[in-house]
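Input: structures, listed below.
After this come two complexes, each holding chain A, first together with chain B and then together with chain C.
Presenting the complex of A and B:
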């Protein structure tokens, strides 16, 4: 096991870490303090004051609201998608590619799926327009709830950190 | 040491590694000295000079006095390899078939994990493509196609070649490589392209070298051939400059010899040779060549060569007096078509880092290592991760006051503290038991690897003598040979300089290979057999021109060169060929063909089994090989008079506590240089010299023979 500096972890988040160190990180067992350092690096990148509890995507987090201590899903820009237990996608701006014309915007003709069988659903932040996710389900399929993390168990049993305060 | 000028210094070997440059000098009476100096990538010639001074000081002599005496000198080094790894070669332009411009950048998928430990190979996240040697921006495709049978189906569009040449010169190319599909089957299009490029360059008044794959490595496998030709253009020319500098410094100090370089095929070639790409790996090969020579002295024809360095454990087998050659090896994470002395490596060495897996609580060795920084026992190393060397220091294997001849002082307490915190405490063990556990794990890993390497090839360890060398080899010899059941275990007194010694043992030998495709049925007519012989003979003659050309560059006459033809053969339809030294010096008749297949069948029976022979399939020759050599001076081994089993008093240095099998014992310390031929030492004992430490634990004994080789035995 190795240990890394906060600066190295910040470079890892940015994708600017040198390959040799990245390779060592990938091939060695994960260092104990990594999650803490990772959160710190993420927190330094965002403009909001709310504490990041768990990252959900490159620009999406579960955060502890600085004002209310409630846990909510939140975009980089500070837009709140609602309670962290709910599916944030239901509060996003949605664009569905379900015609051949819409598909040929992203794939060459005849190289995209038949929209009778498969559609693309793109989820955007209503405030800043960041694309947070794309689903590729059959047309009738309900909105997928990707991830229902057991944050308490993760903090206590996996990374050995105190669970941040939460108001419900 | 007293000045001895009676004997002439004849041979010098150089191993210019990444951290240390070793030199090895042998006199005509077989006495030798080993010198060490810090490597100097900016000017290798200086490091070699310093290392030479260090070595010759043992004899009270000086470079200016000794260099003029030398008959021969062989260089091996990692400079070329480092140049490739750090991508510091020439800006090469590439001409290939139109539509195949991305092939070199895409590379072979396996290049994304070459050189990785097994854990990382199966861990896809770690796979990564290195930057290509030639970017797509300096690659041009030309319309041409030769099919797999060698038939030209689309003739070369000549104007496109001229245009490509102009583009590549415009793009700043410092060399141009041409590699067209199937050119090993039919070289006509590629040769035409080469002539057009040269002509166009002349018109442009651009003086840059042109490398056509058929002129260098006419072997099948497109990626291999392209990579190798690019490597030649990319790295060889700068390396030649390095070697010229080394050669010039020798000349300045009065040297009369012509510097030679160790090459991948196990021979040495001149630094002026046309093909220098094959000097990319040379150091580890030296050990195999040295082992072969020692084997000839001792009358052992089956040898397991084992080399432990700081980062890896290399194993090679010599069977019936010859080593195996791999014809499509990988180096610097590139697949290549160069003949390479076959070696297997595992990434565990004396400097490997030791860590506890936080989940399984098991000890994990490597794959990274402390390298020249030794371990936490060297305070100046800046390291805080325990290495195998730390465990050795704590257990009394290594002398903290005399590491590298006292060049650096090791701090035992510092190593103890780190082992305690990182290994012993988490496992609930004492520091000694934790450290001993690490050593045992390493020894077990290595001995399993060694055993598997021998038995997987169908051999019995009892028929093999194991040679153990490398700076750290003798510390571990007992550990990785215990219980394997070798016929004999040999540690040369010059283990630390063994690679340099081995390089000096190598023949001055060029080897050229060419792919051929000859298929002949079991009961073919005499005419068919003669036709196959004619094709083989033609390939040998083509290769002979190249081999003799190389020697002529060094001032030899064609009649001085001894030519040894060989071929690669397999049963038709099988996948693996065998490399055979030809029983006939030239091939023409059906009788010659019968001898060619008889020799193949005998070899096949030996390597696999007689019952596995399948002559009913017919025979294919897949490659023609031609080696050419001239006579050179090789090191002679010392021949000392037998002084009886009792070591002289002055060799005894006292005792040191030594921990093994859960107890501390007092191990006798001996000075390696002071031991005499015939001396017999029973463990626990530690035999020290400046560059290496030979551990003989209880349950083992060793005898020095007249050649200064230590024979290690388990006491039954």
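Presenting the complex of A and C:
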């Protein structure tokens, strides 16, 4: 099994890892220590003190609040979207591209969906304006709660790490 | 003695153990169910006692399967097989469970197995009999084939008079004799128009195809030359593999071979669970995808009025990864099958996902039915992925399948991302289209059909550490290739006036999706020629990930009465290269002003006439993007601009890039000004946005008032009718009144088939094979 240095994992996170190592990561059996190294690299990047429990996106995490020990979904600007079990999108700012004019802002004519069939819902952080997700459903579609991780089983049974303390 | 022998009883004793194939198969199913291990194999005796011998056997068989594919495909004349590699050979044990497969279109791991199981369940051993040297042919979509153009030849393998397994070979033929030409034609709305359909028919004895079969099959399709050579390809490959198995048994013994043929499936089952635990994360993942079915348009000409409506395929997927490494894929809420050719049999779904999984979760050579046994599938009966009517058409099942699987990609990629395996993340796939198809009299004066397989090279989805690949792959064939222009020009009476990367086709993002490409074709030296379009236009099937945009949708361009013959003769300008910016079309400036041009989003059409010098744009889609576009490196944007992968207008609007262009036309992005512009864009985003819950109030009103296009309402109505759970969740999410409902009957569209249906299992003397929870 391959192993990688913390520096290499940090470069992976930054998108600056050399191709030879990236290719080795792709082709060799996975390194079990990656998750710990990944958390370390991310924790070094963010400006908040809260402990990252699980990364959800390039700027979105489930964190353990340093103050309350509650687990919340948080942007890397520090904006809190609420309890980690809730759908963070319901606490985001949304912009819906549901007209041809709004669609042709982002795609040439004829290359965007017809908004009578499909719309784009852009979910932004209400504090920093980062676009965390773009949904592309039909009109009327419920906001999708797309990920409910089983963090305890993952930490305890899969990667053998102590589960961070959680205050409910 | 007045006792009937096995012969009179119709008991062939093929296994020489006193059991029918069905009894033997039932035993395996029972032992698997009781123990959780395939065939009750808690211990893998052969593998554990002689691991090197086991691996040697694996290597011999796998190598032989790949070798047979590579050798046999040279027999084919069809570019689909010979150039694109649309073939596959698979080895099965006696009950039709896949042992190993070759490279290629490995969706057929399970489809040919389903045909074998159908023969077992319906007592083929008694009638028509299963003997050494037999050949069976199948392409029946109602028992598990993906679409009718995938023709399978299946050969039983005997050792010392005992059936020990099967080998199957499949090729994607160029024409199936459907209502219209091309392997995946549109226009038919039922199975009866899908073309020549063969149900596990005995088509050869003593290693020789039967003459009635040859005569009948060759005249049932438009392209007998390709058909004949495709069959020879399949037969040659199957016989090579049968000989390989005999050779292996002579060298290693029948006991070792048979142990291997069952143990490797249990090993495959464990392998998938180990991979899931090694790479993913337990939990629930919910994703959804859609496909537009725009059949109301005048350019979709069908024989049945009840098929003339716009509708949408709905494929919601709840993927549950369990702490023990098993997973469950539940498609509760999916929409109903329809009167078109995009329906899929449950086996096309359960078998097909491995063609996808071998490119992400299980990139190994040990692809077999083990993975199926580690997966719980739930495909509700009556949905597009498990039809409950024997009339359904399947000619282009891939249209829905590929899109339906998109949800799995995104779920898996979420897990890779959260776990830190960023190199594995793939935002999704291209909608693998357009399909240029048609036929008529070709440049050689023969009746002909074409299906350009340039769709083998669409853009791939972005990764979390790099862009997707341009014009590189199609999810349904890991060995895909766009094919050489020169070969296509020999196979099709269509000259190339351009083959270019399609600008802006890859979804935007920190890492963008791979761009697709476009080829401009001019009809040349054909007679009575027809073509049609098939792809997505009004919708995207794959979304972007984590702030990335979906790829661009499709559109069509075709031109008639172009005047190109005269323009060529006098040396006037010609439409050449790509349709760089469809907002400012340029092709039209190089054809006659009186030309008849169709430039719109209707990417699903039926057979229409083309004269020589008419034009057809074949636009192959890009892949979706990953991450917020305003995180994209300025250098990457600069590169995209200079390579014409991105139009300048969208570098500004989407990426916030501020740039200059020098006298030679070279772009340079200003890093500091771009950063400042991006800070403004964040503010602009928030200025135009609403809190999600505020927006939900507005959307709820639209639902209460039933304000949405008919196709959207139709999709929901068919899903509601099939799933109480989906209906309840929908109503709960939007806090709808208890009496709110939406029925197809209130939409003023044809509802033929919505209430009265008849499943294949209701035919007399038919036992269907069900391999999923329904």
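As a working rule, the second predicted complex is superposed on the first by the 168 of 168 C-alpha atoms of A that agree within 3 Å, B and C clash if a C-alpha of one lies under 4 Å from a C-alpha of the other, contacts with A are read in each partner's own complex, and residues count from 1 in each chain.
We adopt the following convention: contacts are C-beta pairs under 8 Å (C-beta built on N, C-alpha and C of every residue); 3 or more make two chains touch, one makes a residue touch a chain.
Bear in mind that the values here come from a model prediction, so they are computed numbers and not experimental data.
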Touching partner for A:28 - first (chain B), second (chain C), both, neither: first
Chain B versus chain C, judged by how many residues of chain A each one touches: C
Touching partner for A:124 - first (chain B), second (chain C), both, neither: second
First, second, both or neither for A:57, with chain B first and chain C second: second
Partner chain in contact with A:168 - chain B first, chain C second, else both or neither: neither
Footprint overlap on chain A, comparing chain B with chain C: 26, 29, 32
Touch list for chain A against partner chain B, complex: 1-2, 19, 23-24, 26-29, 32
Chain C contact footprint on chain A (complex, rising order): 9, 12-13, 15, 17, 22, 25-26, 29-30, 32, 34-35, 37-39, 54-60, 89-96, 104-114, 116-118, 120, 122-124, 126, 128-151, 153-154, 157-158
Residues of chain C defined as touching chain A within the complex: 277-279, 281-288, 290, 292, 312, 314, 321, 323, 410, 414, 417-424, 464-466, 504-505, 508, 510-511, 537-540, 543-544, 546-550, 552-553, 555, 581-583, 599-601, 627-631, 633, 647, 649-650, 653-654, 681-683, 685-686, 688-693, 695-696, 699, 702-703, 708-709, 711-712, 715-716, 729-730, 733-734
Footprint of chain A on chain B - complex, ascending: 117, 119-120, 123, 125-126, 128, 355-359, 364, 367-368, 385
